[in-house]
Amino acid sequence: MKLKSFILGASLAALAAGSGWAEGVKVGMITTLSGGGAGLGIDARDGFMLAVGQSGRDDIEVVIEDDQRKPDVAVQLADKMIQSDKVDVLTGIIWSNLAMAVVPGAVAQGKFYLSVNAAPSALAGKGCNPNYFSVAYQNDNLHEAAGAYLTSAGYKKPFILAPNYPAGKDSLTGVKRFYTGELAGEVYTKLGQTDYAAEIAQIRASGADSVFFFLPGGMGISFMKQYADSGVDLPVVGPAFSFDQGILQAVGEAAMGVKNTSQWSKDIDNAANKAFVESFLAEYGRLPSLYAAQGFDTANLMISAMEKADISDADAFRAALKAADFASVRGDFTFASNNHPIQDIYVREVIKEGDVYTNKIVGVALEDRSNAYVDECKM
Amino acid sequence: MTDPVLDVRGISKSFGGLKASDAIDLDLRPGEIHALIGPNGAGKSTLIAQIAGGLAPDSGAVHFAGRDVTALSTAARARLGLARTFQISMLAMEYTVLQNAMLGALGHRGGVFRFVRSVMRDHDLVARAEAALEQVGLQDFRAFRTAELSHGQRRQLEVAVALTLDPKAFVMDEPMAGLGAEGSQQLVGVLDRLRQQAPILLVEHDMDAVFALADRISVLVYGRIIASGTVEDIRNDPEVRRAYLGEEA
Amino acid sequence: MKRETLLNAAILLLLLALPLWASVADEPFLITLTTRAVILAIAGIGLNFALGFGGLVSLGHAAFFGLGGYAMGILAFHAQNYTPMMEWPLLIEGTKSMPVIWLVAIVTGALAALVIGALSLRTAGVYFIMITLAFGQMFYYFAISWPAYGGEDGLSIYVRNSFPGLNTMDPIQFFAVCYAVLLIVLFGTWRAARSPFGLMLGAARQNPDRVQAVGQVPYRLYLTAFTISGAITGLAGALFADLNRFVSPSMLSWQTSGEIMVFVILGGVGRVFGPVAGAALFILLEHTLGGLSEFWHIYLGAILLGVVLFAKGGLYGLIAGREVAHD
Amino acid sequence: MSSLLLIEQALNGLQFGVMLFLIAAGLTLIFGVMGLINLAHGSLYMVGAFAAAGVSALTGSFLLALVASLAAAAMAGVVIEMTVIRRLYDRDHLDQVLATFALILIFSEGTRYLFGSFPLFLDKPEWLSGTVTLPLGIEYSLYRLTLIGVGLALAAGLFWMIARTRVGIRIRAGENDREMIGALGVNISRLYTLVFALGAALAGFAGALVGAIQSVQIGMGEPVLILAFVVIVIGGIGSIKGAFIGAILVGLTDTLGRFLLPQLFALFMNPSEATSVGSSLASMSIYLLMAGVLLFRPKGLFGEA
């Protein structure tokens, strides 16, 4: 990978620190590069590699493999990276079910795992581990923020829906944690469902004053298109996943005006973020997505730890990670005691810039949000 | 006169408006070859299917070996000793000749649901199968794959498989079909000896074979038996000549 | 059929020698990879029992594979959390003992196959293919939406289950266990293929009318074969889950059924050792092609297509000749 | 629960069923005439949707996009028929399953190679947007109503074609006796290519129509394929009439099941659990329907006994 421009941020600090460390870090990245969900993995990878490149360090070696979104393949790759490539750090997994398959085994073998996206509750509470860090969020965070937004915006009767699988259930639980009022309805849809006519008809009949939905990937695209066409024009709220840069163009006009919650947006006003958005656009010719930002931050967190400690000294390296001494594109960023972020979660609105659909921040839903599982984590 | 081994009593079968079997009575007595003839479309195959199983008559009954088998499946009738050969060869083509014969012996003896001991080491079964092959003159072909056999040899093998069932009666559906003069002659010889073992209900188009073998002949036309009797009776029956032989001649 | 025997021996030796070498050369991942091939081979042998010997084209074997996996997952999950599986009407505890888990997996696979088979075998041909596929989907959706055991997230088991006298976390020891199971399953299948049942089942595949005419009922033969097939595949599922220390609904997805079928075809339908060769070849392809390109599925598809169209009989067909030996 | 809502849900089920029919019709036709089981049928659905999205992005015209979906799917159908499928007619079902499984892999990754990994955008045209008010005051999406209309019209056209036209007579002849139509002097291989292309075009067209209100993405064909299998198994393989009845049944069962089952369970469970259990059961409802039908009619509702 060639860098066209060399910019501020963590990279300069990295240069200044020089190459004082004898031993580098070997990173194993397991992510989804083929099949249906490949877009997310590709963005996370590109964000991560952008930061690695910008650091100018030649002591970071990254082994990248495609998990095909299959848990058994991910486990196999993790075994290979640990046993054969002898990596120090694992990262890259997008999906919670794959993370549940890989992370417990990897950290049990003394490896570090830095999550670029997936952060299931099981790994934040009872299953937490000192070597496991979620750089993105805790899975519930964006849903909690949506609940908080429903409350603060004064909605009295939201209709909430999510797919019938663990992440979907966590989602609605998260919403209800910060929205405790009356619900017009609560519906679980089939995972992978593509037609939402039945649910939309229920929404129409329910007397709801707003709609919250969590339908990742193609499900969200289908839902938004059909919703826009249904004549129901209640305000819609959701987590960022269905309104992210990669997917938004496929939703199109139907997404305009939707409020969505995210811990990152390309218009967060700080130097690191500006530099990131510009350099990503220059490098790859497209706007960065949430996943790209998470990948970028993950790499920079790791680099910041490398500057303070040698990977061979696991305790020092762990402490350096936990300090989170890097310039996050999200601004303020610290780790809670269970190694999940404490950060602001924003409310964004979908807008159109020229021909491109994108988001702008319209408010903060939750300030310095940690997560609900801190107390369950004993480590 | 001894009791018939196979006794078909008044069976009828209709498909839509078409009466394929119309109150048919037919029997088969020990030691005889009873030939069933009739023009194409007379309902011979339908009748065979009701006798051997697979098709239930609308009314009437089939008695075999002293019991009513009308409600029994094909497999159950076979276990009682009703051995059938098919118009089109129904053999396991990938198997050797011996293996095909062993299927019959195994099916008849039982003990199919055994999973460990090699079936080829079951000397009892092998001996039964080989005896049947010898009886039809296929003993030298025992190791051949069935697909490699000539048409005539497959016909012989069909008969051999039927033999392994230790049958009380044979029902043979056009065993001569597609055989040349030489093949027919050979098979006629085999069947001729077979009648001592068990009687044969023979459905056949080859009139030379029928006249050479049959003790009795029944003529089926449009689902009805229009005549039944000895070879001489049938040869001289005017109705048969008109309805059937006339056409053929 | 001397060449077939030679090939059998060569494959078994290779599968044994590779991990032994890897163990000496300190390449533990190679052991893991071979273990995977061995386990998938067992799954393939399971399917081959129905598909190759009985001619039952099942596109729903992922159901048995996944059920075996969940048998392991659920038992081990309760054992690791010290919660009983069931308290009423009788107390059932979880377990981490492999032999017990295998037994449960085998019984679960067999029972599921018995029920699915009893319904599906009322049909034949394309109906059978599609019905088994749909039953598989039913299990898949059930597993995804059933919250008790992780739903789509699946179940993680932190430590591999135990086998008396062995340390199963050591790759080579776990490999030895799986290899031994493979040998036992192979031996059993080889005997069954030559048994009275095997002879009659083969006849039912080639010509069901013939089987009826000799007094046997094809349905019973098919159902027995399908049940045995489900039991073997269930066992493979339990081993596979133990290899990954993880089980999830993706084991139940129809792509898994397709892949198991691919092992059988790549190796050679109806050959006792076919699935072993097929699974090994598949793992090799997956590993080498996956390194070539992000779009490696295209190559995999092309190779599969080539095998189906031009190399009927799979690897065994190419090397040992087209004819399947029966004695 | 109002009866109006129930009627609206029934309409939704009908619309879903009609679209399923377009896919299932090709599948069942190809099986009926050529005896081929084609797993790659879902890929043709995807090809149609991607072609439509591509042309729509270039020209902005929805009608052109629909034409493109028909053309592209039919073309893809002709190409795979002539290169691969043709060699499979005389093979057993196992080979057909494997070869078409391989085609799915090639189609999916090939499409990703051409179009990238992100879902594409395809929208319905302005003049089909919004809602109409039906009798009884039901407000219903105009586009969905159009889908029902187009689907029913295509179904009628298909029935007419098979019953009345020369091609239809040949198709029916081919279903009954392959050798006979050869003897009649019909060019069988051309007839087969034509039937395959027709089935492909129908699937591709459905892909484009549905793609406008769903997500146009890699792998969109497989769930639909499995549903189409359920449809033709219920209806009886090879029967167009069966495919139609089966599709409507599946559409209604799925939609109404999703809607009614959670409410049913809510009568005796707490709401949150009821939605969870109810929707779990709903996701299996069509498979239960299928198992039920097969218990009583192993060859489907309209299969030849």
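By letter and in written order, the chains are A, B, C and D; residue numbering begins at 1 in each of them.
Just so we're on the same page, a residue touches a chain if its C-beta (ideal position, glycine included) is under 8 Å from a C-beta of that chain, and two chains touch if they have at least 3 such contacts.
From a predicted model like this one, the values you see are computed outputs, not experimental measurements.
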Inset, instruction - Would you mind checking which chain's C-alpha centre is most distant from the centre of subunit D? - result: B
Inset, instruction - Tally the contacting C-beta pairs at the C-D interface and at the A-C interface, and name the larger one. - result: C-D
Inset, instruction - Compute the distance, rounded to whole Å, between the mean C-alpha positions of subunit A and subunit B. - result: 75
Inset, instruction - Using mean C-alpha positions as chain centres, tell me how far subunit B is from subunit D in Å, no decimals. - result: 49
Legend entry - Euclidean distance of C-alpha centroids - subunit C vs subunit D, Å: 32
Inset, instruction - Using mean C-alpha positions as chain centres, tell me how far subunit A is from subunit C in Å, no decimals. - result: 36
Inset, instruction - Could you check subunit D for residues that touch two or more other chains and list them? - result: 108-109, 112, 276, 279-280, 283
Inset, instruction - Enumerate the residues of subunit A that touch no fewer than two other chains. - result: 34, 164, 169, 188, 190-191
Legend entry - Two or more partner chains touched - positions in subunit B: none
Inset, instruction - Identify every two-chain combination in which the chains touch. - result: A-C, A-D, B-C, C-D
Inset, instruction - Note which residues of subunit D are touching subunit C in the complex, please. - result: 31, 37, 84, 87, 91, 93-95, 97-99, 101-106, 108-110, 112-113, 222, 226, 229-230, 232-233, 237, 276, 279-280, 283-284, 287-288, 290-291, 294-295, 298-300, 303
Inset, instruction - Would you mind writing out the residues of subunit A in touch with subunit C in their complex? - result: 33-34, 65-66, 70-72, 75-76, 79-80, 83-84, 96-97, 100-101, 104-105, 108, 120, 122, 164-167, 169, 188, 190-191
Inset, instruction - Spell out the part of subunit C that touches subunit B in their complex, as residue ranges. - result: 188, 191-192, 194-200, 202-203, 206-207, 209-217, 221, 224, 323-324, 326-327
Legend entry - Residue ranges of subunit C touching subunit D (in the complex, touch as defined): 51, 57, 59, 119, 122-123, 125-127, 129-131, 133-135, 137-138, 141-142, 144-147, 254, 258, 261-262, 265, 269, 295-298, 300-302, 304-305, 307-309, 312
Inset, instruction - Show which residues of subunit D lie in contact with subunit A when the two form their complex. - result: 1-2, 4-5, 8-9, 12-13, 15-16, 108-109, 112, 116-121, 123-124, 129-131, 139, 141, 143-144, 210, 212-220, 223, 255-256, 258-259, 262, 271-272, 275-276, 279-280, 282-283
